[in-house]
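A, B and C label the chains in the order they appear, each numbered from 1.
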Amino acid sequence: MILPIGPVHPALKEPLRLKLKTRGERVLEAEIDYGYVHRGIERVMKGKTWQKGIYLSERVCGICSYIHTQTFAETFERIAGERAPLRAQFLRVLTNELDRIQSHLLANSTYFKILEHETLFMYMLYLREPIMDAIELLTGNRVNMGWNVVGGVKMDVNQSHLDSILKIIQNLEDEYDRYVEMFDHGPMIGLRSHDVGKMTREEAIKARAVGPIGRASGLKHDLREQHHTYKDHFDWKVIWRKDQDNYARTMNRFDEITESIKLIKQVINNLPEGEVRKQINIPAGYAEWRNEAPRGEVTYMIETNGNLIKNVSIRTPSIMNIDACAKYMLKDVATVADALATYASVDPCIACTERVMIVDETGKGQEYVYPDYKIPYLKDKTED
Amino acid sequence: MSSVIWYLYEFARKSWAEKFANARTDQEIMETPSRFRDFPQVRKEYCIACGACTAACPAPMAIKLVRTSDSAHEEGITYPIINTRGCIRCGFCAEVCPTDPKTLLCGENHLIREKFTILPVDKMFVIDDYLCIRCKKCIKTCSEIAGAISEVDKKPVIDQSKCIGCGDCIKNCPVKGAIKGIFIENVEEQKAIINMVVDVLEARIEADQDKIMKLEPEEIYKIDFPLDELVDEARKIIPNDELIRDSIKKVTDRLKMRIVTWDDEKCTNCRLCVGECPSGAITYDKEKGVQRNPDKCLRCSICYQTCPFGVAGFYVARFLLTETALEDGIIRITVKPSQLPIGVD
Amino acid sequence: MLDSLKDIIRKSSIHACLVSTGGCNGCDIEIVALLSPRYDLEQYGIYFHNNPREADVILIAGAVTEQWREKLQRIYAKAPEPKVVVAIGNCPLSGDVFNQEGSSVYAPVSDFIPVDAEVSGCPPRPSEILAAILAVGPDAIAAKGRLAKGDQKAEASEEAELNQKAEASQKGGEEKV
C-alpha cells in the first residue's frame, strides 16, 4: 500500500509529502513531493541591488542562513577580484562554525525526537541554547543575522565579546563528551541506528550526496579544504566514516562539532587586527562560488551589471541529500518508524530546496522541476 | 538492565539533582544581549525627509515616511515610521541614514562613507542629470585642464576630488543650467538674498498695476529695473559680490512670477469667485462687497477663469539679467497677459 | 460550575500544532527552541504535537505559498473548536521580503483564515513568542469555548460551511489528479 506522510505530520517539522510504498510494515520504496515552500526567491532577487539581495539570500533557509550570506558576499567579491580584510575573513569563519554547531545540534535533536528519545532531544537543545546566545552576541540576531556584507562584516568585536564566546565554547567542550557517549553507548539508540538506512559509497556518488551525509558514506569531500581562509590559516581535518548508516551520519555530525570547536578556538586566539569592512567597487560580470554549508555544499551563480543583480541561481545541498534519501536509503527499510528516522537523519531542510518552478505547458497541471545546473570542475575555483 | 543502571547513574549526578530541585524558567530569557538589534528607533527631530531609508529597505511595507499636518505656529515635520509587521530588523535603514546624528538607530554599524573632499574654491560644481544632453563638451574642456569629468554609464560625472573649480565647463555647456556651480557655504544668507530679491521685484511690479491692467491681450509691458538698490540691500546681508551676483542670476534665470490684478469697479458682487477660491483669499461682506486679500492669494488663476466680468486679471512676468557688472546692471522685466481661457464652464 | 471547570482545564492544557506555510524555516526552529530546557514551554501546559486534528492552537509560520492556499483552510477546518490561530513572524503578517514583484506568496494569512494573535519579528526571539502565546493563548481559548456554547447554532452552521468548502476543494483536487 502507499502510505502518505505530511505535509503536516507529527514527525515532520517542515512541510513535505513523503509517499512510502509499503508491504506490511516493510518500506519498499519512497517518493517525495516538493513544492510547499516555493516562494520564488530567485525571481524576486533579480533586478535588485546586492544590498537588498543579501537579505533575500539570508532567507533562503533559516537554519543555515549564515552561509548563504557568506557565499553571496564572496561571489560578489570574486566578481570584483578582491577579498575581504583578513579580520573579517576570520570573523566569518567564527560565525560559520558557530552556525555549523547549532545546525548539527538541531539536526541531531530532531533525529532523537523521531527516535522518541526525549532525553537526548532535550539535552541537544540544552547544548544549543548557549551557542545561539553566542551568535546573538556576535551578530545581533539569533537566526537571520544580517551580519555579512560584500567586503567584510558589519560589526567589529572587542575582547570581552571574544572572551564570553570562548567561555561558552569551553563549557560546551567540557560537557560535550558525556552526551556523545550517551549516544554512542545508549543501548536503545544503537538498536535503532546501526545498520538502518544504509547508502554505499557508490550510491552516494550516484545520488551526488554531499556534506555529512556523503561523508558518512565514505566520500571524503569537504569544500572547506579549498576555501582560502581555511586552507591558509587553520589546522583542522575532514571528518568522515565508513559505516554508511544512520549511526554514522549522526556520529559524523557529533565529530564535526568537535572539529568546529577547535576551529573557533583557533580563530579567537589568532584573530588579526585591522579593518572589518572595506569598500569594494563591483564591475559588471559573472562569477560563482561554493562553500561548505552545515548540510553540504551551497553554490551561488550571480551575474551582475555592476549595480543590479541580472541573474542569480542558487544550489543548495538538501535537494541532493533528500533525493539520495528517497532513492537509496529508504529502499527496503524494516519498519515505517525506521524510515522516518532515516529521513530525519538526513537533516532535511525543505526551505532550502524550493526556488525554481517550471510550469509544464502540456496541460497536465503544474510540475515542480529543477533545471540542470552546469557546475564546472573544482579546478576552476582553486586557481583564483 | 544495563540501560536502567545507566539512567540511575545519570540521575545521580549532583548538577542534575540541583536542577531538579529548583526547576524554573530563568528571568534572563527575557533579557536581550547588548548587541541585540531590535526594531529601529526613530528620532523624528533629525529627519531631513531624504527617503534613503525607504529606498534601501529590503522588506516591502516595513518603513514609510509620514508628514504631520501644519499647525498655526510651525510647519509639519516629516519622519519615517517603522511597521513592525514588516520590519526584519536588519539595521540597513540606520546604516544608510545620512543625517548626523542619525534619525534611525539600530545596532552597531561600520559603514564606509566617502571621505569629504577639500574644495579648492567655495563652489561645488554639479551636473543636472535632467537637463544634460550628453554632448560631452564639458569632458573635452576639462580633459585639457584637470581631467575631473569622465563618462560613467554614458553620463558625464564630475570627480569632486579632482575638480579645481575653474568653471570652464559652465562656459562651454550649451544648455543653460545643466552644470551648476553651487556655493556650499552661507546657505542661510543665500536664502535671505533670494527672498529679498523676489520681494523687491514683486513690489516693483505691483506698483505699476494700473498700467498693467490696461494691457491688450497680445501687448507686452516692459520695466527696466536697476540693480543698485538690490545690491546695496544684499551687501548688508553678506558683503560678497560674487555670491550676490550668483544668487540674483539664479533668481532671474528661474523665476516666473504670476501677477493677479483686481478691478473693483467692474465687480457686480455675484460671488462666483468666493466659493471657488481654494485659499479663502476672496471674502464677501454685506457692507464692503467682495474683497480680495493679496497676502493669502496663491495666484492659482481660478478667480480669473471664473469671473465673467473680468474683475481679476492674470499676468505672467519674466526676468532677464543683463550681462554687466553689478554696479550698473539692469533686470529687464516683461509682463504679458496670460492666455488662459476665461469663463464658467 | 461546569463551565468554569472547563475553562480551567482548557487554560491549563493546550495542544499546539505548527503549520509552516512556506517561510524560511527560521520561525520554525525558534519554536523548536521553545521546547528546550531553557524556555520549557511544557511547564505552562502547552504541548507540541503537530497534529491539527487535536490542536487547540494553530501556529502559522510562513507566507502562504501556492500549494498552501487551499490546504490551509482545510487544516483550519480539521482542528476542533475552540481553536486559536497565532501568526508567528512577519511572513504570515505581511509576507516579509518575499512579498514583492515576481514572487509566488499570497500573504497575509488573514486572507485565508481568521488570525487571533500575532508576533512580529523576522524571526521573533523565543521569549517574544512565549510572551505572546501566554498572553493570548489560554484566555482566548477559554473565551472561545464559552462563545461556542452560548452561540452553538451559529458556530455549527459556520463549521458545516467550512467543512463543505473543504470537502468540495478536496473533491476538486482529487478530480484534478
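Note that in this section a contact is a pair of C-beta atoms (placed from the backbone, for glycine too) under 8 Å apart; a residue touches a chain by one contact, two chains touch by 3 or more.
Fair warning: this is a prediction, and the values are worked out from it, not measured in the lab.
More contacting C-beta pairs link the chains of A-B than the other of the two pairs B-C and A-B. With centres computed from Cα atoms alone, the innermost chain of the structure is A.
Measuring from the averaged C-alpha position of subunit A to that of subunit C gives a distance of 28 Å. Put simply, the C-alpha centre of subunit A and that of subunit B have 49 angstrom between them. Residue positions of subunit B with contacts to 2 or more other chains are 32, 58-59, 88-89. Among the residues of subunit A, those touching two or more other chains are numbered 55-56, 144.
Counting only residues that touch two or more partner chains, subunit C has 38, 96-97, 100, 122, 125.
On the subunit A side of its complex with subunit B, the touching residues are 48, 51-52, 55-56, 133, 136-141, 144, 146, 151-152, 154-156, 161, 182, 185-188, 276-279. Those residues of subunit A that touch subunit C in the shared complex are 7-15, 35-41, 43-44, 46, 55-56, 58-63, 65, 106, 109-110, 122, 125-126, 128-129, 132, 142-144, 349-352, 357, 365-366. Of all the residues in subunit B, the ones that touch subunit A in their complex are 2-3, 6, 10, 32-37, 56, 58-59, 88-92, 95, 107-110, 112. By the touch criterion stated above, subunit C contacts subunit A in their complex at residues 17-30, 32-33, 35-38, 49-52, 62-63, 65-68, 71, 75, 96-98, 100-105, 122-123, 125, 176. Across the complex, subunit B is touched by residues 38-40, 43, 90, 93-97, 99-100, 118, 120-122, 125-127, 130-131 of subunit C.
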